[in-house]
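Take a look at these structures.
Okay, so chain A shows up in both of these, paired with chain B first and chain C after.
Up next is the complex of A and B:
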């Protein structure tokens, strides 16, 4: 327990350190750090609408974060969540506007299309990682660029709404993911995300298969001697991670935009990866880190209106936090001389 | 036949050389870290800050050469942070590299807005690019002369660096030390080579060339800075480094392949093929090459895995990096 507390405390210190650095960066761009902080908080939590807005931004980050957690637990890096999200979003939208089906069935099929698209998009990198150890970090990053370009191509050259800009026709209402409140686009996606976090946490801590996969992430050789089929599990874990990444796209398409367009979801996949890293691959922790990043994102919308700082300052702060935490954890590890160095998903 | 003629001619070769240069510079930079046994996914970010500060430096001083120096200094700063965290603090190299890429993206856009009040791109403001070099007496060489003259200086630098690096790895002590540290860290330690120092040096050398690549992108390849203008070249370089194992000659071949596919895809655009598909070509080529070559090198992978397993069972050394990370960097 005290180890856990230590870890939390160290993490908090690292975040404070990074925020201090962030304040310095804000000073260099001629803006007052205090004013930025107040604007951020006001933008994120200033009213019920803004809180709902924050949760709306949190949802995709959370689901993407869980996708990342699944791969980190097995010692793998799925950095291609952005691409899986674009693919999932596009194909969910396609099912949404191409067919006219009864409500529940339509939603279910569109969501299934998103999940399947995410799985399909990671299948080739996953196969080569499992079979030939082809570096999945590079292959999934490169696949992101391809996914974004291909979905734009499909949208503009094949499914462009007549008279519209670079976007598809809207989906039928039968495929809408229902909204939670009347005053916001906040929808059931958040509930899906929370349920997923609990389910993944349960899987890794309470089932023997989940335990085996965590073991594989912590110490692959040991796991292999223990009789785990590393190739098969590697493939399945990456596919599962891709499925959740695709689902994030489905939630965005069916719950928020109700269509697919260029620049569909800027950077949610990367934010999810960072949120999962900050939570050290723990799905429950990811709920809080995703909320933190969701608040930063939603607060930054007001930032651009009220101050001269750009919203990318948020990205800088996120990166600084990850750098600070990555150094801090290893300092602590050296101090306690633990052998956790084998854990690739740890910092 | 007419289509083929329109696609393949001297101008295509020239375009290939132009598009190869930036990725060649950054990939050669990455060869230092690859050879030293570091998986450096942060090339993209180093290139991006290199490009941004090259533009800032040029506007501030009026001299593109001083701009190049600024770009290099900025990339070196990122490289130093990378080395500090990865080598000294033993933080995870993938995490640190990705975070530095994100930092570079955010920082350049924030500073762009703070300094110029705009988003998107910087041009004008007295920004001048590097001058094109006209080689003397090339008129007599006909089309060949056309092919080798008239590029900006860093294009020549990129191609000259290939033999320089081959000599560096094979004929100099530092080059040998870098290779030993990457291939056999235990042996390096036994020989009294400081692994930490060598890894710092290779990270900084990498930053130097990545900064040069960025500066070339902003002052030679184009004369402007655009948001995320490195557009994945750093990641493609990492893909090339994986299948070339950091060997300069193989890097050159890989980069020429990308330069060619890039130049060809720009041509295809003139034939009326959607620009989205055309833009995806270089990334697809990178992916296909990565997969195809990892399929081919499979026996070696198995050998290495067996060897590393044997090593892990026989000696427990603190200096050996985590097995999983090492395997991933050299599939």
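Up next is the complex of A and C:
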């Protein structure tokens, strides 16, 4: 109990520290940190449209974050969510424009394609991790670049919209993920993300399989001794994580862009990983950390309009947060007696 | 008589729980002072207070006649106190010398002066008779040597008062004797030693003074010479405890566990088992004696499916289980209490309830349709906490908030209640107090009388004499001989443990 409080408190402190440093950086470009903060808040939450915009940015980060949580809880690091998202986005789009089907069915099939694409894209790293303990961090990161290049190759050389830029034809409306409000592209993806967070939380805290997987993450030797099939669960967890990563791509394609193009989703996968880390692998916590990153992204749109600070300042602040949080986690681990059974995903 | 340490009215609370209550403790300098008490009596807590790891809620600490406040271990070290913890904290990939000077490296021109560190380590090692090779990597060394390194670390920091928390729990009897030699050397040089132990013979043998903690209070501090072993037991648990062989009626049935010509390798790929054969019958306790590191732990690991065998057969109730996974062997009815409870036996960060659930999470009524029945889990955990006398605030306490002996009881509670017909128990009472030992032994006897086939591995001969129907002695990965539990000749066992066969006989004992 107090452990959890400590970790939350430490995390909050680290973020504040990072924001403080960020303020110093802002001062160096002769801008007032206060004004930047107000502009950011205004840009993120200043009107219903802006709030919707923030939630629109939050959605893919949240879903990617959930994908990361699934792997972190098992003591595994799926850092290839960006790649799974690209694959999911591309194949959902492909189903979306290649077939003309009845509405609900079309959407369902396109979503299924996204999920399968995500699973397929992690299958090889998952297999090697489960069978030969090949480090999944390296293999999934490398798979990212391959995914981005393959989808871009397919888009440009095979499926380019005639007369258009490097993008596919638009999908049929029957495959659209319905929008929530008339004034924004905010869509059902947000609901999907929230439902996923709740479901994954329930899975890990209440089901026997979830228990087994958390214990595998906490102390693999204990889990093995207790009769948990480490290889099998490792494979399945990574596949599930990839499935959700693919789903994030499907939501972006079917809910927001309605097509696939180069630079389809800038860094949502990585932001998701960081959101999940900040939340210590807790899916409910990830809702809030994803919102934080979503707000930073959408708030920064107004930044260049209203202040002299550039949008890159947000990237700087994000990097500072990552540094501060990892330093904080490292310090806490050193302070606590870390013999066997320390959760690997606590960094 | 000067006092090295004087604790005055120390009280330490964890939430509403009082771990140390109004404890006064005076430690004479130049003496060996033993601290004993039941699991959870507050021994480790009190030492952590003295070492600056925990802050007392009330009370004063006086060191060498001066009142000190110890906000952190660094302050305690500066005051001349050193502590060797129950669980070692060494870096396996570094050498002995690097570990000794970790965090206080000797530097020359900004760089670590390895030569000086090695020289200094060798000097300390020589001065105090703690033999180590400063250049060796720690990763593959035995626990006994790891402990020497921990002691060297403390000495290198200039400690004059040395605290050792259950130093002998992980040692073989031979290593313990060597340790005592070292401790006597320390006091001969004017240093002061405080050590915690559950082995009362040791306390009687080496200590000058002894303090008994009970439920967080210091109930007695006396010169050891004034007390007998049974006095100590009385003070500790408030009643008499017998150390005799437990009475039994023969219940042995058909052979349940059969092992035939078993071979395997250890983590270093050296041959750990070389053709072991024996049988355990239903309702029988077979003890495995031997100096630690002669293949006992590997034997338990192979039998429970955690380590592959390279040759040989294992049968459970007539069915071959060789090469099955840990999961399948568990499902076939084999419970396993592992030798190292903190690595394999528990998830330290999880609650008692979560630790009890391991291995049965898929079974009804623990879970239904894949959903854990939390009410049932809570209720069962509560029952087990009572039955095994686990001293904890409740089912939700984390394992790491428990004292060492109580963590062992969680493992026992889980494995003894898992159904099945065979139990592998590696060091049943490591780190467990006398009173609880009696309970655990009683529980093992009940399991026997219920018809389970039980294999008990222990480095403590008296434990095996109490429990076992037959004792097999292991040496160098083979079984040197078999002795009936009711006719134990300690000399004969001693020779077998040293690898000497008292009279010509075959190397292995056929399946009964």
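Following the convention adopted for this analysis, the second predicted complex is superposed on the first by the 326 of 347 C-alpha atoms of A that agree within 3 Å, B and C clash if a C-alpha of one lies under 4 Å from a C-alpha of the other, contacts with A are read in each partner's own complex, and residues count from 1 in each chain.
One rule holds in what follows: contacts are C-beta pairs under 8 Å (C-beta built on N, C-alpha and C of every residue); 3 or more make two chains touch, one makes a residue touch a chain.
Remember, predicted model here, so these are calculated numbers, not experimental data.
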Fit-or-clash call for chain B and chain C when the two complexes are aligned on chain A: clash
First (chain B), second (chain C), both or neither touched by A:211: second
Partner chain(s) touched by A:323 [first = chain B, second = chain C, both, neither]: first
Partner chain in contact with A:25 - chain B first, chain C second, else both or neither: first
More chain A residues in contact - chain B or chain C: B
First (chain B), second (chain C), both or neither touched by A:221: both
First (chain B), second (chain C), both or neither touched by A:99: neither
Chain B versus chain C as contact partner of A:310, first or second or both or neither: first
Chain A positions touched by chain B in one structure and by chain C in the second: 221, 341-343
Of all residues in chain A, those that touch chain B in their complex: 25, 28-31, 75, 77, 79, 124, 128, 132-139, 141-143, 145-146, 149-150, 152-153, 156-157, 220-221, 270, 273-274, 277, 308-310, 312-316, 318-320, 322-323, 326-327, 329-331, 334, 341-344, 346-347
Residues of chain C that touch chain A when the two form their complex: 87, 89, 304, 306, 325-327, 330-331, 336, 338, 342-350, 354, 357-359, 361-362, 366-367, 370-372, 374, 398, 400
Chain C contact footprint on chain A (complex, rising order): 3, 206-209, 211-212, 215, 218-219, 221-229, 337, 339-343
Chain A-facing residues of chain B, complex: 39, 41, 81, 85, 89-92, 94-96, 98-100, 102-103, 105-107, 109-111, 113-114, 119, 231-232, 235-236, 238-239, 242, 274, 276-277, 279-280, 283-284, 286-287, 290-291, 294-295, 297-298, 301, 305, 309, 312, 322-325, 327-329, 331
